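This is the structure I have questions about; it appears just below.
By written order: A, B, C, D and E. Residues from 1 in each chain.
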């Protein structure tokens, strides 16, 4: 991991323009445009079924929108394959945890580094020389992530057996292992108590600050969103209804009606 | 000779369709159990044997036909209870492949048990369905096949009605998706399993009687289960009409291929032809022709 | 150990009493064991050497057969006397092992054709007929039916066969005959286990062959007959090999099987003295393996015949090596020098059931003759006298095949002129 | 606390990533190898070799192959028998057509050819999944069976379609007696098992497991599904191919396509499920279980002097075998290897219950 | 430390006494948990990840067996009768139903079919069931919009609503709610708890809810238990718990009375005071 001290929000790293996506009769997204700027933390919020997860799926190529474009690192395209997105430095976590259930925590995070492992098949088969060296080099990186996330104790546990909250953390670890430029987090703090959310926020902030990773996250906890994000995009029924710094959004009438409700 | 060839083509197709009906009967048993519990029941073939043997032996011993069939039906229902109790219940919520393996154990058990109790020779079964060839004009068809086709049609209609109009139908599908969640809303897995395994047992009984009347009742019956596999993937694991349509397509397809392609590239190709056909279809529809869509979402 | 001194000859019996081929395996195994038991009960064995029988279930599967062989080959004071695998696949596997272990393999009416040439394959004995002989005999019969070989020209003959080495063996001979006599020959394979034959018989219906040869086993046979009925092919114009002409093959078809013909290596019926003795010494004492009614059925008698050949070979060997338990190697000599004469058949109480047979170093078949019998709905009726295979044509083919086999296996042929 | 790992500290990641990080396991493995390579040859009978050791080792090799595909990569296959046949017939044809070729090269080529065929039949796996794929792989099984029965060149025009090989030599050393064959096979299987273990614990293996556990997520983290699946098909078929060649050349010596029929494929699948999906050790245990238990059951009643007819014995064998499968699945659905692991876990804690 | 909860004046509906749960024959997860839910009560079960909340609920609803877990000690009583031996089906018939964590909708069924499966155990006629379906749609209008969609494709929150709606269809007397708020938009979370409150007040349904959102849970619950590492470490009236300093700091994120900003929290894991 390359250390980058300080953090300055830069120009747009990724830009979605006029994205529309529908499934049969269901319009998940209609004509959504916004941008994610270098080094920022962007929150995407909105009621259930608003199309937030679908938006992430579009960004990393899992869904192919009917219209609209995604511009990433200067290149504009209509669609790409998920593994291309991964190769270009987009990593993510999932709303319904998508860990590899049969593998240990360590292996799960190691699998996040697959794209960086270059030693050929035959050397791996012999587990000899360069293969072993590479394996250990990556293991060291992964161990740093494990330390960072404080999950040393569950290194060798099959993740299927872990409680929900830890699984979320392992998933974050797997995404970090790819050393992404853009990190997409889908409800990383769902199902956690305040203390755990505090930890998770800390991780997110640290990743953002220390490594300069750009982060887009979906979250329903307004406390978290308002505290840690630089900007907020609000979706409702597949449309973007607001976009701005937290305080602006919080005061936005449409947002209050559609999402926040009166009590906030 | 032109017309003659056409007649022959029609005969081949009819012959294939009729063979297909028989495959469908076995496939139907698979589909019921898969649909209702997500279990790929390898024992379906053994169940066909297990159901047919008592019928034929009891008739041999002088029991009236209807009573023999009733007794076999009772045996199959009893079997459903036993399987639920000893196999399915302890393995609730396990992955499909493990349940599949367990049904393999059931297969061995049934094969051994059936032969031990009822004997391992060939037994002739005649419940009075006419088997003579019939001529419709120039075209030769088999009287027996027609009776079977009609019976199979009725059976399927009845099954579809049962599954569509009762709340059990919905519960069955729920169980197939998620055992634990089904339990959590109070669907009694045990009952559901007994019901489907009983129905599958009865379907096996019918298949057994049909095959038995055609070929004699004997161990080789368990092999017809293999024939049902391409039917299943073609029609889709979860679709009752799929089992029927798949059976017809596979039956006709393999006979046509054997008759017309066999002499050119070497006989015996009907064995893989059905699978290749099914595989090609799957490339375009991964869930088979009528199967439920495979859901992938993150 | 104590058994080392025992005056016992160990007789392994590979059987299949379960699975898809049990139908045919059971009566055969019963006949084999019952005859051996009869000798024990009646004569106290062979010249006082008791026969110890142990069955092993193979399920007709080659690897299980090999396991059985390995398990049984060393048993008894002198090891197994001989093996009788009753499966072409197992035979093939044992043929590689037999020379190493020095145990002979008898494959009466089946097995590998090359083995008929004893100079290359010393340890296997396809006594009384290989499939090549069978094919020739069947065609000989058909040619008589149509009024002479000349009339075969332009005829069409189909072979419906079990798609395995067993079913494929006759093909080279039939192809050659087709060329020689100018008939058209169709090959129609049927895949194991043979319950699916609709397409095959539809093709027959379309091609309208004059005769259909049937080379099936197990359920395939009865299925063929039923499918023939379903497409209205006359059963009278079907000729089965001797493994496709037993009661389990025709009974499931009921009336549809009437008129079906097959080769017979021996007669059916249970009227011979030997059958009498089996009933008296074995079944009356409650030691029968099968059902009393089964005695005399085709495959039961075939099992008996196998046992006769085995025991007569041991008897022959005892004349040379002494009346004691013999090793496989000694028994092999006995088989190779087997000579069952008319008179001996009389003594054995098998009059009318079998023909004399004499083997030699180079000839492990001992000539092949068969009759044709026909199912009349109740029983098999003999139609013809013994028909002999045309060894003049077959023998060179056998020798050529054996030579190739020898090359493949790197075997140097024995010089039969020198062996005694 | 027999199985105690307390006090064993791993000082480096290399040590932690060793195949057997716990000392007891290393010792056990060493003992096992010594027994297999030294004690067995000194004591085994022919029967033990030819009916038990040789076939179980060869089938274990094929089971490892299938386990790579099914247990590690999650692609259920019922075509292993067909791939074994490809290996056997490739080896046969090389052997008769290029007689001077070294046996090891022949085996290698057998594996390579099987891998190639495996890859071709693996292509549909991109779209077809689960049981659908399992059944679709039967197409490979039946098609290959058919090819080896129908293309005369492949069986060297043998009239019966059955082929065989003579006694074999490697670098001039005979591989003829059961002991020689056993040692040769043991060496190959041990080596290939080690390679398999290496693969599954390196990044290739992780990619396979990722695809198995959740293929969409794997794709999203950058794993290319087709390449990964095909590599599993290739490696798996390679193992099957080598195992097929060994089965034909060193176990059966004469064979026909039926030696590699659908039953072989099924029994291999049973082996890995009973042994443990995703476990190399499980492949061995499973092969031994499926192969040996019926043989064992078959011999028990006669050995105890219980007078049962052969038919009854074999029916009983069927029933008990079936019941045992169910029993073991209920005790531990994840296979005998997992049972072994749990046993170790308990030993580790013993005598404390938790 | 938590003592037997005899202080509760209302009659006890559910009584869990000293249960121990082991997974896979080796993993000991609950180490003697006792709790009780009074008739008509709302009881919150709080605790960190992996504390054993879900396990406790599954032990009560007897869904553990399906995960190869076993209750090896202790007893569970509902209305004074032991229920440890009953099947989940029996329990649902008696009015105890669990809403599982992680949604567990039937992916291949439509949203409406999913909801209807909840009525499996009922036999009070189609009309009554229909009415309840309408009621569920009234609670969750979003579901009505998506009623014909295959549940597997619906969004996380929609699935959560489906799961809750499904449970309501059985007309339960006691609902075991596992993380109902997870993945729901704030507005909806409030609504769900309002529904809980309404059911509790109008239909006298009792609730045992495992919830990470301590804040809201303690607002609606009357009583609470805090679980750590498979043991109950604290219990008490909801108001008392909410006032406890430790609870405030670790579960409510308050320092003093003011909410801390997530940005400000600098230290990672802090030692739990009651464990040290």
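As a working rule, a residue touches a chain if its C-beta (ideal position, glycine included) is under 8 Å from a C-beta of that chain, and two chains touch if they have at least 3 such contacts.
Since this is a predicted model, take the numbers as computed values, not measurements.
S.K.: For the chains other than chain E, what are the connected groups under the touch definition?
M.R.: Groups left after taking chain E out of consideration (others unmoved): just one piece.
S.K.: Suppose chain centres are the mean of their C-alpha atoms. Which chain sits farthest from chain E?
M.R.: Using the mean of the C-alpha atoms as each chain's centre, the farthest one from chain E is C.
S.K.: Just curious, how far off is chain D from chain A if you go by their C-alpha centres, in Å?
M.R.: Measuring from centre to centre gives 41 Å for this pair.
S.K.: Between chain A and chain C, what is the separation of their C-alpha centroids in Å?
M.R.: Centre-to-centre distance between chain A and chain C: 74 Å.
S.K.: Please report how many Å separate the Cα centroid of chain B from that of chain C, as a whole number.
M.R.: Using C-alpha averages as centres, the distance is 37 Å.
S.K.: In chain E, what residues contact two or more other chains?
M.R.: 153
S.K.: Residue numbers in chain A touching 2 or more other chains?
M.R.: 53, 62, 94-96, 98, in rising order.
S.K.: Would you mind listing the residues of chain D that make contact with two or more other chains?
M.R.: Answer for chain D, listing residues that touch two or more other chains: 149, 216-217, 220, 311, 314-315, 317-318.
S.K.: Okay, in this complex, where on chain A does chain E touch?
M.R.: On the chain A side, the touching residues are 23, 26, 46-50, 53, 95-96, 150, 161-166, 187, 190-199, 201-202, 205, 220-224, 227-228, 259-261, 263-264.
S.K.: Under the definition above, what is the set of chain D residues touching chain B in their complex?
M.R.: 76, 124, 127-132, 135-136, 138-139, 142-143, 145-146, 149-150, 216-217, 220, 262, 270, 273-274, 277, 311-312, 314-319, 321-326, 329-330, 333-334
S.K.: Enumerate the contact residues on chain D facing chain E in the complex.
M.R.: So the residues of chain D in touch with chain E come to 342, 345-346, 349, 354.
S.K.: Residues of chain E touching chain D in their complex?
M.R.: Of all residues in chain E, those touching chain D are 22, 24-26, 28.
S.K.: Using the touch rule from the top, collect the residues of chain B that touch chain E in their complex.
M.R.: 92-93, 167, 170-171, 173-174, 176-191, 292-293, 295, 297
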